[in-house]
Amino acid sequence: MVVTESPQINAPARVPRKRAENGRRAAALLGSAIALAAVLVLSLGFGARQLSPAEVWHGLVDADSAAYTVVHQMRLPRTLLGLLAGVALGVAGGVMQALTRNPLADPGLLGINAGASAAVATAAGLLGVATFQGYVWFALAGAAAVSVLVYAVGGGRAATPARLALAGAAVNAALYSYVNGTMLLDAASLETMRFWTVGSLASAQGTTAAMTAPIVAVGLLLALALARPLNALALGDESARSLGAHPARVRAGAIVAVTLLCGAATAACGPIVFVGLMVPHLVRALTGPDQRWMLPCCALLAPVLLLGADVLGRLVARPGELQAGIVTAVLGGPLFLYFVRRKVRA
Amino acid sequence: MSAVRPMPVRRIAGGVPLRFRAVAVGAGCLLLALVFGVLAVGGGDYPMSPSDVVRTVLGGGSPAEDFIVNELRLPRVVTALLVGAALALAGAVFQSLVRNPLGSPDLLGFTQGSSAGALLVVVTGGGSAALAGGAVIGGIVTGVVIYALSWRGGLHGHRLVLVGIGATAILTGVNGYLLTRGRLMEAARAMLWLTGSLDGRGWGDVLPLLAAMAVLAPVVLLGCARPLSLLEMGDDLARGLGVRVQGVRLVLLAAAVLLTSLAAAAAGPVSFVALTAPHLARRMTRAPGPNLLASACTGAALLTGADLAAQRLFAGHQLPVGVVTGVLGGGYLVWLLAAQRKAGRI
Amino acid sequence: MTETIAPETSGRGYGVAGMHDDGPRLSGDALTLSYDKRVVAEGLDVAIPDRSFTVIIGPNACGKSTLLRALARTLRPAAGTVLLDGRDITSLPVKTVARTLGLLPQTSVAPDGITVAELVGRGRYPHQRLLRQWSADDERVVRESMEATGVADLAGRPVDELSGGQRQRVWIAMALAQETPLLLLDEPTTYLDIAHQIEVLDLCARLHEERGRTLVAVLHDLNHAARYATHLIAMRDGRVVAAGAPGEVMTAGLVEDVFRLPCRVIDDPETGTPLVVPAARRRAESAARTTS
């Protein structure tokens, strides 16, 4: 094992020039908002049927136009769902990385999305629950169970990135073999589940988005409220306590937030990996490690990624489409490997 | 400090008693595996007593018995023995190489590589020989890619784990996509293969794995066991003791990847045998180090036992063996995570 | 300590290339050492005097551990050669080197549940072959090594249960069981309290004096270095600043040069070796003012 001699220096030695720093962060936030607006427009504008921007606009506002049905029944729900799921996964990833003090934490890699999947598979395959309104609660329960497990494994003592990731991979493997087992039992659930497990926005309906929105909103508000105590927790439990934070309460709150966000996102569009990993990394480079800036920025940038992946999937595989979950895995995987090769010294 | 007392003889370094224990555990597990095998051969639509089974295997049965035992049922049992032993051996090697009790090939992407290769064959409509070939090629290609990506001035366990987990996540996405591409019949066939099953195995499925075990098991067990046990203590120390660190590691990795892929080709990616067998072996031998021989025998007993249970558990309904190992392995994993956490090793 | 050290009874001859009398057995010639692309040392020449207890000192990140790893051929030099018995160490068979030169690195991991005797036994690896795995000779050497380090009583205990000082002695016993005339130790006293540090260093000194082994150690404590070393190598920024007997090398001027630490050097009342006493803050500040 290579012994690196240079000590790891985390905190910058110089005092940050507060105003310039905040200016840079505000610029990052503004840039993210603009990118989000752009990708929302793209998501509404691209689809199986070619529509001009003017037609899309009319379809959006004018109930009598020819494009009204396409836009309102298909593209708007899909775009809204991508927005909600992206926000949820990005913020959940940021919270988890802060909570575990581990840069490789991701709701997908650590098995939380798989926990929700397993619960949905149980509901769909064994109990015959077929509607989103029915199985969203199962997804939340499954996500909660795995969140608690992952927290128990990696939350308290400082686990190394490799060990936590491996524990998550093991949980993932166990849950996916369970999901596969339920799919084997009857062909009907295989037919629906094999499309759902790759993670896709394609089956979005208006009711799904309407149902997901309040859950994601609650999770988001909770996460934002925890930003300041999470900053304190980043220094270690002892320091956090001496700064007046309650580590146990903050953790409990963070787990609830992650559960709500991941459970809702997974129920709505299937397990999607890497969004929760990549976005906080990008954002940290833009805003620095302050959660009060990071989490809002994650909330803006993550849907850019997810919707971007969705649009890309619709473009590259025309006239069919590539599911967003596959695009993020294929794009995010190499990025993950890049981080690993660059950051992790043996 | 007190004067030196003569050492108790029983505790002699590298001593005979400990080796004896390891050999006894190996022999015991092998015997158990054979008993399971005899029971499995004796069951089915044409039940036979264990003594009849042994007599027929040794060549003393009637032509009908000879056909049923030696052509229909024996290949399945031999496949189970070999696949269990190969997976467990590969698992023990991986866990030792990455110095982590969770570092088994099903979590590090090698098995998913085999799955991707096999799924590609299924989706393009290939036969079962092509499927086995696809599994082997997929596993080997993945092994080479992971090895290349983990290499940076030497191979380190740490980075291998993270690169492997990244590969797992990407390949899980790819495999999900391949599942959505096929028709429902193909998807069902692929799903059965992905779970791992020993149904209808003939001698043709056994031979490649048998040949590989005949060559690789001696290489690993005789040639590499000692250097591997020194590698566990750190690269510098092993090198100081005269181990060719990178060379030994390359040989071991290559052997483990080959064994994993060939086992997958013979029975599908049966989950958790590679993870649990080395643990059980270690608990029984109570010896430190990789415990390669005992692990291989434990794996053989585990898989033959699981297959027997899969055939008999539900009367009239055969489960794929992967479901049994998945359920058992998942439960074991939860226990393991809790125990590791308590011991501060995760 | 009351136990007596068993005399070196091994009949096995040391040596790689037979006799050779010119120059020391281990030396480094124009070494350039680097991790990835970060160069730690360039054009480094060192010689380890035979039968010496050589101690390498220097501030953090001066390249002393790196040098030790290069001498033990766990780090391949980017340029230059490490010579063992007059031959390039990288050209020798690895097991031959392992029978001549032992290394105790800082980052060793004891496998879970391994006993003291088993761990020490693993040091016999370079003497074993595929067909002759464990011999009476191995048995004897392991026992002697444990007796020499005072861990024979612990032979059957799991290593994880031992105290830090005991554990370090077990690792040293493992290195002894390797039966090498040259032994390299990377900071053998780190993480030990003062009593255990002295215990380990006394042990090293006995190994050096009574068995005539050549020892090379990286140490942080200057006073320990001055007391135990027969030969000192002082490094800074990847260069050897001074080398020689401690009495000549360890001067106030050198310590200030190497560590940027104003100090006085007096005689150790116990041994008469140099004793470094850092200057009090006020004196140091005034000294800094007068020099600037």
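All chains are identified by letter, namely A, B and C, in their written order; residue positions are counted from 1 within each chain.
Basically, a contact is a pair of C-beta atoms (placed from the backbone, for glycine too) under 8 Å apart; a residue touches a chain by one contact, two chains touch by 3 or more.
This is a predicted model, so every value here is computed, not measured.
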If you average the Cα atoms of each chain, whose average lands nearest the overall Cα average? B
So which chain is farthest from chain A, going by the mean of the CA atoms in each chain? C
I'd like to verify one number: the distance from the centre of chain B to the centre of chain C, where each centre is the average of its C-alpha atoms, in whole angstrom. 42
Suppose each chain is reduced to the average of its Cα coordinates; what separation in Å results between chain A and chain B? 34
Could you please state the distance in Å, as a whole number, between where the Cα atoms of chain A are centred and where those of chain C are centred? 51
For chain B, give me the residues that contact two or more of the other chains. 152-153, 234-236
Of all the residues in chain C, which ones touch at least 2 other chains? 69, 107
Out of chain A, which residues touch more than one other chain, so two or more? 1-2
Spell out the part of chain A that touches chain B in their complex, as residue ranges. 1-2, 104, 108-109, 149, 152-154, 157, 159, 161-178, 180-181, 183-184, 187, 190-191, 194-195, 197-199, 273-274, 322-323, 325-326, 328-330, 332-334, 336-337, 340-341, 344, 346
Looking at the complex, which residues from chain B come into contact with chain A? 100, 102-103, 106-107, 149, 152-154, 156-159, 161-163, 165-170, 172-174, 176-177, 179-180, 184, 187-188, 191-192, 194-195, 234-236, 271-272, 275, 320, 322-323, 326-327, 329-330, 333-334, 337-338, 340-341, 344-346
Could you pull out which chain C residues touch chain B in their complex? 1-3, 36, 69, 72-74, 94-99, 101-105, 107-115, 117-118, 120-126, 128, 130, 133-134, 138-139, 142-143, 146-147, 150, 152-153, 155-156, 178, 184
Of all residues in chain B, which touch chain C in the complex? 1-5, 7-8, 10-15, 18, 99, 152-153, 222-223, 226-227, 229-230, 232-237, 239-244, 286-289
